[in-house]
């Protein structure tokens, strides 16, 4: 089984960290391939960046699809391009926010989320509603650390994250969801510190994607998620025309 | 890894079917043990029966816990005793309604449920709300076949189930959830017939329980799901006293 | 009219207190009979204990039904076994959480709940949703006093309860619901202290059950709450088989 | 105990019917006084009429308050003026829509409503939300019979109402709420015809108001429902000035 | 185009302020006419006052309708009589709470409300739900200043309002809604102070009413908001009979 | 005042139609400029196309921003890129789904939506929830006509749209929202046919954007919608780097 884990930003070091987390939990017969787009923003901390990360992400889904990937993981907590990816992939596609929230919901009655910048809380909350966890999610806290500073050894990021997770648990949540792919490394350490289950979306999405494949399940294709109709595509994005004769850039 | 799959009714043939479904999807290093209680109803189609199935179910959880089970699956679509089981188990505990709904929610925007008797629709709807899928679940349809008639070769059960599933998909749902452990056998056949993903809770719960164990996750134990306080327990149920000197019946 | 008030735990002194509260508000022509099961936990402060209290509770409903009770009250704030009891009783069945919340909702726009241990807050919140009061209930506060310590004269329980009730009202709730049958004794004193209506579930449920009987109303029996189908019941719980020849233990 | 039941329209014959329903269910020591305003519309089937019924209704509450009424019932299914009445009354005030819905909610998982004209469905739905029964109420059906035609012996009103109630129950609701005070007369007959509990708001509100008084409960007065501030009131409505020297018209 | 802005209380100086705000934002070809009723309360700070303001308000709508007003604004934050006014007006009718919330919702993900007395918060919250903004509105804060004290030059009202608005924005709301027509004067000054968009309902409703007229849109009249049926109206309110021969008091 | 109306697809004829609708309702002092991107899909009927339309749309927002546009309209019913556009624009930005729903909500209690292909219903429903109209929107019907076939004179599109709108109104909605910018032309004709207000998003958004500018209101910029942080942007999309030295492609 081949699972393509796509880091939707262009920072290769983050792709490596993500790949390590994903591989660490995958089953023995599963090949995890971590990739990132060739175009788009270095990290995603705004709607603008999220929107511009999506074409490169979809290009990676199309490549993975051609290369026989059985499932896809979108490794950014805003779950960018998830619906579009489901239209063009045959196998299941999971966002890491989606996967982390589903996993956390099965560990008790409630979870809280600890994310990076405050400006991303709105999008996280929108996903909480979309996936059905409005009554399950107790709060979303920001630690105001930019994505690319999370793994700066000089920074105090880990401790700040632990403090915010502790607040979530002390206020009554049964579990914590880490709201950024860049926090994957900390996950088990944070869990030990706060004495409660802490969920990293990258590893959760990898294992859940593997699970869906094993169950023989994939996106329903009879309605909203059917393959998109063939359509003229022009300008810079002409290469994204589906079924186009020369998909050179992919 | 050992996963204990508990059929909460006392019908051994159904336990066998359930065990077969669960084993069929478990990973190569996972031991699935399907069991059923020594007390309680032969099948569960009412609140009364569900309530009376729970003590026997909890006894099986306690036994599994002593014997080192890493996770538990409650294999009845009403998810009986789920909260109580989470209090007394160390590892994760999943109900099959819970697991099936989470899996189905990751296959598109919506799912519908096809269950057995109309009188169980209310409970199914309550679980849909509890798990957060009120906006995701499009409808719950009953096929009015009693649980124990599902595998009667003389019955038309499979065809009735397919017809109801087709109605769910034709009305726009991306996926279908089968609302009874006794339908596990039909699942992939039904899926082929309706051309949409169909989710069986027994296999979904088994794979998801395995996933949570692999992720190192278990029920949060700092609040509602902490071990219950030791408490005097009397009469017929005296043996359920936690930490009691002679837990003979277990 | 005969109303059977069932304390679902086995602590007789608590049954007496409950009976006193219920009798104190019943009409002149109404006979209140307070009983408790012969099996199960001494008090209910966890899902495990709640689950194990239900068989004994249902036995009491069956006895009451045979003896001609016109209505039933389940006198524990988790409303254990309510759906099952509605299936086997002819007359109305009310849980004290249910009754208290309905009564409180008629006293203004909002109410808050003061309950015993923090670990019971999750269940109380679930009932708030079930009964429709998610937008009406402002908060659920725990005073962290175990049920059986509530009437310990040496304890400071009453004052702790008053303090929590005052916080609820100061934060804007129009009324307070006491979240434990063991608080029935304090109710009017607490109300005087905080200057707001305070609702005890035992007395509320008694009067509301009486009301429903007077209105000629009882549980609807054409669907979910019809009498359960006859079903084999085995082991310790064999005596719960409906219509069984020898219902000796009842 | 004195309960003032206010028919907010000016049709005396309807006030009589309402009074008969209310008296029929009140306890032996309770005096029911049915009254109607001296100003306003002959019946209420629009927002315009509802708005214009409220001053006359509030006048009756003020009169009842001065005459020592212990509780009030507002006997129109739109529950007009309920919040305002709660501000000026000392004892509890119940609307018949409110009371009927609370009573019906205690008879199972769900109820449906059968009302008069289709144009009143919007208001009924608004009250369903306000009281918390959006998930409990299955549907609201109109029988398109004007209020004042309900008791026309020549009309087919009863049969139309029964047909609509039957549709509600056949579609799965456990109980039915009659959506007009003018249907009080039919209630038990309709219930027998459809084989399910049918709730009349007038009798439900009377018995519930009595219950609240017996429980020592009344509207919370520390916030939104405190007595209104004294305020200049001019023109046609000058006599509604609270504490005004010459409340002659009352 | 003629827009009638109705201050539902009888305080002429407040009508003037309201008229000034409305005229200040109306287009060059739009005539704003600010009026107030001849009967009712001097200000509206309770349900009682709101109910008694409605007849006078409806009289003004009827007058405006006869005089050819193209649209109506109800200039009190409780949106009194909105549904009734929609029944009797041909053109669109907007409440200022409604308009302010719609406008604020288009400025980001969320808004908070700053209103006058705490006792009005309940009604404001009810409107938030009615209009669909329960997930958009972050909080409703009261500054405990009576309506008629808002423009008292000796009072500290402006500063109190700014402080509350700042709290709303600091807690994360993208915009603020001022919860009283009497705050219209402060609006742009407050916005500058808090560095976030602040919405005054009077000007918002005026511009939105103008917009609807320009779009050729008006209240849908095929159902709930059709003209009310002709109906006998008696006593003090006899002149409100629709189509009555002598509408002298209007 | 200058309002830039952006058709997010690349079909110039549709841009013209949109521009005509927008100009037709704008005030005399408002300049409407209708534009479309230089890259992306010819029409938007899937998540994939919507995602790929966004970069070109954001380019147009950036150009409009540099050229002094006071407000922006995104003229596709999926409201693509709305959050991102709000981050980079100074003035208000409105989606046509958003604007149409807000306008329709002010015309009564409810509206229904008639859209193009069934596969877009999911996205429309998501927006209904996002904007708060889940209880206001009665249904979303698809007429299964592709966007670019709407203005094909040979097609029966207008009649199909009228039929679907009539079904929406007959089922009780007070108003109808047309779910595609390509239906703008039909709007007033359809309204006449069905006898109910019908809202076109292009004209609604234009007038509402103008309204917000006149009110001095714009997106709140202190949190989620602050300008995005400067960030490296690579590959095909390098020109989207904010503050980049050579924004040549714009």
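Lettered A, B, C, D, E and F in written order, each chain numbered from 1.
Throughout what follows, a contact is a pair of C-beta atoms (placed from the backbone, for glycine too) under 8 Å apart; a residue touches a chain by one contact, two chains touch by 3 or more.
All values derive from a computational prediction rather than experimental measurement.
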Reference interface A-F: repeating pair among B-C, C-D or A-B with over half of contacts shared: B-C
Interface residue overlap between copies subunit C and subunit D, same or different (over half shared): same
Where subunit A and subunit C are represented by their mean Cα positions, the distance between them in whole Å: 45
Whole-Å gap separating subunit C and subunit F, where each centre is the average of the chain's CA atoms: 53
Two or more partner chains touched - positions in subunit A: 86, 109, 118, 121-122, 126, 129, 134-135, 172, 223-224
Interfacial residue positions of subunit F with respect to subunit E in the complex: 25, 27-29, 86, 92, 94, 98-99, 102-103, 105-109, 131-136, 169, 172-175, 188, 191, 195-197, 199, 203-204, 207-208, 210-212, 214-225
Of all residues in subunit A, those that touch subunit F in their complex: 10, 37-43, 45-52, 54-56, 58, 81, 83-84, 86-88, 118-123, 126, 129-130, 146, 223-224, 226, 228-229, 231-238, 240, 242, 249
